[in-house]
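So, here come the structures, one by one.
In what comes next, subunit A is part of two complexes: it sits with subunit B in the first one and with subunit C in the second one.
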Partner chain A sequence: MIEGSNNLLLLTPEFVLAGLALLVFTADLIIPEGKKEWVGRIAVVGLIGLLFVTASTVMGITQPVYNNFLLVDHYSFVFKMIFITVGIITILMSEEFVKTNLTSQGEYYGLVLLAILGMNILVQSQEFLTAYISLELLSFCLYVLVGYSKFNPKSNEAAIKYIIFGTFSSAILLYGLSMVYSVVGSTLYSDIAQVLSTSGFMDPVAMLGITFIMIGIAFKLGIVPFHSWIPDVYEGAPIPVTAYLAIGAKIAAFAFLARVVIGVMLPAEELWSSWKIIFAILAISTMVIGNGIAIVQTKVKRMLAYSSIGHSGVLLSGIVVFGSTNGIVLESLGYYLVGYAVTSFAVFSAITAVTYNNNIELIKDFAGLSDEKPLLSASIAIGLFSLAGLPLFVGFTIKFYLFSSISIGGYLWLAGIAVLASLVSLYYYLIMIKSMYVDVPEQERAHADITVRWPMWIVIILSILMTIALGIYPDPLVNQLNEISDLLK
Partner chain B sequence: MAVDCEAMNDFYNIMAFAIIALPLITSLGFMVVPNLASRTCWLISSIVSLVTFGISVLLFVSYDTMIGGTQFGFTVPWLSQGINITFGLGLTGISASMVLLNGIVLLGACLISTDIETRGRDFYVLLLALGGGVFGVFLSSDLFFFFLFYELAVLPMYLLIAVWGSSTNFGSFNRSKEYGAMKLMMVLVAASVLIWIGIIAIYVETYMNGTPTFVFDELRILSESGLFSSGFQNWVFLCFMIGFGVLSGLWPFHTWSPDGHVAAPTGVSMLHAGVLMKLGAFGIIQIGIVILPLGAQTWMPLLMVLGIVNVIYGAVSAMSQTDLKYIIGYSSVSHMGYVLIGAATLNSIGLSGAVLQMFSHGIMTALMFVLVGAIYHRAHTRDIYVLNGLIKTMPHICVLFIIAGFASLGLPGLSGFIAEFLIFLGVIKISLWIAALAVLGAALTAVYILRLIARTIVGPVDPKLENLPDANKYEKIVSVAFASILIAVGVWPALLLDSINVGISSIMSVL
Partner chain C sequence: MNMHLVIFSVISAVLISCALGVVISRNIVHSALFLLFALISVAGIYLVLLTEFLAIVQLLIYGGAIVIVILFALMLTRNEEYPRIQNNKLWPIAGILSVLVLITLSVSYFQSDVIRNASTTISPAGVKSLGSSLFTTWAIPFELASLVLLVALIGAIVIARSDKGGN
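On to the complex of A and B.
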């Protein structure tokens, strides 16, 4: 078991990424003030290189590392590629914002890189302490990033809230872990699963421990009733960071949750059969409350925050069907996550472009945008229509695919609720679209001083194209994702 | 010879694909090309819709009524992994006439939209997306793409109405265009939720059977083999009936339709009342009845009763309206009731009548919206108490309006008569009482149409309206063409009925 499992070459992507982060921090010391965007560009080039490094070193390999503490497999490979891409896009869309609004610009990019490192290790860990440490690495980067706009009281408030909630949930996770350890004597997923599937189900301490671990993860993911930090943090954070939270951090937390459910809970059938009811209830409450509260929001970021809570609920309802006969739910979740990511980038990048140099935050402030900046408003509108699940955009296909696979797993009623939730979401997305396209602005040329530079154009145009392309021709992507379903078999 | 035949088939396959792809590609093209003037966009859109009209005629004419069934079909894998979706097109006897209808109405809607000045490009982006989506619905041969195109056709409606529409303000009665747009969009998408659930339920059933599929023909075979139990059919058909019914204005879910029609700009009203409402009835007939025949037999009595309510309620509502567009909006509700009744008879004559009524009403209501739009554009009011004696100032518009009105009240020689007559014949076989009520509905139609004509068209001329110009050349072309179609179908219904009957007989074989 120990022989041959310490092939450190398999961790090349992580070493390269850590080195890149250090390089970026060093570059920040050398590059003079006023040219700090080059720090970000170095990071982007490095990450693009990392995509190739990752593909060439770990693609198609399934092998444990460090005595089964980490597992390099197709699942982690796919998510690593997603995280790196999300990182590239986030950095590109941050450039103008960072330049205009933030001090200590160089470290911003370094922190984004370290957060990716945390995500990468998180998805391949097979052991709770490793997972916990990488989760903390991710979270600490995000705490700093959320509070990065240090002269903005809201950003400070958001950071403090985020730290308090984040550490609290980490503490709960750790407490649960210690309970489980006291029963099982190991923190490996496989060991825990083995004990749970034989005798552990009757053990109250282990049950409480598992519950606490799940609560900890639910906090990170923003599942109702552990969602209350999300709107405040999303609202206060600098908007590219909000995007990073809503896309990168959410995918990472979700990939972690799926891994824990597959590794720890599924083998213990008795345990899972009761937990999946809990997951179903959580999924429904998350979809209902997230989408329901989003309707009454007047601020764009808060609306998007609640909408992202709603999407977490949809994702959670996919987890409910784990372990049923259907083998495609994991790939449909992967497809959903990718589609959600490109669509959200279409929305967030355009909103970043609109708001980076002014104080626009209300939905009604977007009035008249379509006249002055047609492409930006088209990007937002396409993204919102896609999030609401309308074709030709990817949002329609991912929802159709996910809901079909949920139904095949025997939960047609849950899919029905999810479809209804997306109907509700259409309403508040339309309010935003109405503001941009129909309403008359209070002052003429309210958006005249927006300038959009090429890194942002790349992000916007790429997101729109991908939103349409992945909706019309998803076959190559789904084929890639198909292999991660093996995890469930 | 065989090679020739194959080559011809390939050609028609490409044409079937092109009729969907062309408007969508043009629409995307408009989005990326900067600084297009409204007029240029109008010209390009009109050319594109002329081409799609040509293709629709070609497809309709080439549909071989001797062979019947699904023609010009092809299937390519689209999502080979996982849930296994294929992209397939095919033309049946029913969809042939529906494609033709959409070809005609889309061309008309593009041509008369010359008055769109603000953000013309965006308007045509959305209008062509709508047109392409509707073609897609009629031509798809599997449930996934049927539903995709259906949602695609609904998607542009919000912006089309909210940006270019007009609000209604009668002092005591205000309806903003945003209200109409939002109501329409939310109701239609809510209806699609039911359809979505139904589609997924059918898919799950086939998946459990080990033969997962979305393809109509395969589903039909599975259904004939008795895969879907009657309990399953009953609840899924109810989902389809209400979901599709909402789109065709089924009472009591019809209120989105007059509000939406009234708020929409003329071109959009035409497409919307003319074609979009037909998608619902098409879905019930082509999908609901074929795949779920037992469910259809269970629920058809209810649909017939609701359809009768539609006819009477729509007509009574139209009688009490004072806004020209609302009158036509409610008349659409009333006329779609006939379609639903015809579908609910489940006999071949009633179903043929229903499909013919879909076509006839599509052309007729589109014509009415052209004319009402023209009147509103000139007089800036749609209040029938203000408009008077228009025949003296706008003879062209008024004469055509009278023709459309007569088609609407079922005058022999016009297409509405044949359709309604067939429906009555079908209904009589089921129940004499319902047939009597349906005929009563036709009488009520006469009341509100004649009231409308008496109020606005004849009578003394209002001096304020004296100097209004008559229709412009595009309105003339479109309205004369549409009126000729009404007359042509009225005197020679076999033109359409041949292919419709082929489609219906294929449906009848499952019942």
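On to the complex of A and C.
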């Protein structure tokens, strides 16, 4: 009855990660107040070790585990490595912020680790209930992290909004799943795909179920018109958590969506041909509305929130060409996600460094930053230029790859809209850059009390270097990603 | 018409009228009581389907814990502070959308083969088979659920713990 239960060894990275999280919670009990950054450092060392454990146990293996509920393959391997790295960087950039602003500092790091566990299992799920529970594990950690600065009313508000929207979207997903189950009688992607791909299959309950599942995922990803929670939550959350939401959680939800599309929808060609159009419409509305509203924002975090909505739209337009091209689009999506992560970390870490001990939140408050903290403002500027897709930086190469594979798939007009959206985004990124480099600050030495410690320097310098290096010489990464494109062949 | 169907129809009628009562009732305490009866009726439906474990869990968790929590929340807040539904200018749109979703759902269920193909015999799913499938087939999601509970516990403690000061 249980197939493949003998290869539980393939789940070693997950067991180690769960153990590490519990170890971190325990270490929090021992380490005295005031030295809590060591809890985070234990987590970082553990995660670096986990990178090696993951590489040595599951690299290059494609094998279903435990009743085909999970699939260990190159796709999940690549994303696991990304999530673990995102976790390391998030913890490093959180250290100073957590120390200055938060209570219950030790648990913060443990929750970041358990969120990684949720993402890791999410990307290798081949079955909706497992995916749902790992999505809940991820979301629960994020609900708590968003509300972590509990003496800040905005953080409380953001957490309440996030919990309500999050549980609502989970409920929609589960409702859709129950409909699909009532028709198919199974929650495995492969079984659902088999029923859906029967020619002439048009059961309205199953179709509605699939729609509800997609709405649930779209809520998590923040696709327009299901995006309304994103700006408020991103604004209210502690800023390292905002980075974690915009980078880690977004990549996880996206990897999950791609898995579901590949596993459930692509085999059913009739279904996919109509869903493609829906995805294209959603992608366009997301790009237009995300980038359009970002222009009028005056707060940095809200501007970045809308810009991240815009990026979701670009990613979604990559999904539209699934099935129309060979695997190249999956490869370029993976590259886009990595490039987006690196670039966003350059922006978010520098903004964290600028704002962790004051109340700066408006774009105009960044005026004069370039004179006082040149490296921090350079990091923000490089990151923003890269997000806008200027050459030399990784942002250009990822967009070049993705847009060209979209046009190879026959959706040249979609790529055209994406290019226009990038142009618009350049405008509002430039507003921020102008504020830092050109505008005269209202008061002298407004940023004098910023001190940046070494963990943050590591993150900032590493993200700047990677933003440039991956843009100039992407080969090693692209070669790694090349193998995940097999999924689409 | 067999006995099963009669019992099922009675319970469903109670369930639907209680669910309507939750929404229609103007007094929020009455709503909570209607909700309690609706949840108990769901437990009744589980019993009709011979899944006694689910029925017990439904009674304990929904009928017990969740309704108690709602009543506590009602006790600890003041009635005058509740915003009225009419205060939200978007309520007609929400109403129309809900009715549309209801119509779509009902139509698709009547169009679908799900009801026609449903098996007419009920096979009892005892506690034993539930337990064995939870710990064999579904072991991985089950273990993950324990971590979800751990996160919920830690999160509740972190948020609710009284700390001195703060910024």
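Descriptive notes on the structure:
Here, the second predicted complex is superposed on the first by the 479 of 489 C-alpha atoms of A that agree within 3 Å, B and C clash if a C-alpha of one lies under 4 Å from a C-alpha of the other, contacts with A are read in each partner's own complex, and residues count from 1 in each chain.
Note that a residue touches a chain if its C-beta (ideal position, glycine included) is under 8 Å from a C-beta of that chain, and two chains touch if they have at least 3 such contacts.
Everything numeric here is computed off the predicted structure, so don't read it as measured data.
After overlaying the two complexes on the shared chain, residue contacts for A:Ile289 are found with neither subunit B nor subunit C. By the touch criterion defined above, A:Phe151 lies against subunit C but remains apart from subunit B after alignment on the C-alpha atoms of chain A.
Of the two partner chains, subunit B is the only one that A:Tyr437 touches; subunit C does not reach it. When the shared chain is aligned, subunit C comes close enough to touch A:Phe69, but subunit B does not.
Residue contacts after overlaying the shared chain place A:Ile328 against subunit B, while subunit C stays out of touching range.
When both complexes are overlaid on chain A, the residue A:Ala55 reaches neither subunit B nor subunit C.
Once the two complexes are overlaid on the shared chain, A:Phe400 sits against subunit B while remaining clear of subunit C. By the touch criterion defined above, A:Leu23 reaches neither subunit B nor subunit C.
For subunit A in complex with subunit C, the residues that touch the partner chain are 1-2, 18, 25, 66-67, 69-70, 101, 103-104, 107, 110-111, 114, 117, 121, 129-130, 133-134, 136-137, 140-141, 143-144, 147-148, 150-152, 182-183, 203-208.
Residues of subunit A that touch subunit B in their complex: 328, 331-332, 370-371, 374, 378, 381, 385, 390-392, 396, 400-401, 403-405, 407-408, 412, 415-416, 419-420, 423, 426-427, 430, 433-434, 437-438, 468, 474-475, 478-479, 482. Interface of subunit B with subunit A (complex): residues 24, 28, 31, 77-83, 119, 122, 144, 147-149, 151-152, 154-155, 158-159, 162-163, 178, 182, 185-186, 189-190, 193, 196-197, 200-201, 203-204, 207.
Those residues of subunit C lying in contact with subunit A across their complex are 104-105, 107-109, 111-114, 136-141, 144-145, 147-148, 150-152, 154-155, 157-159, 161, 163, 166-167.
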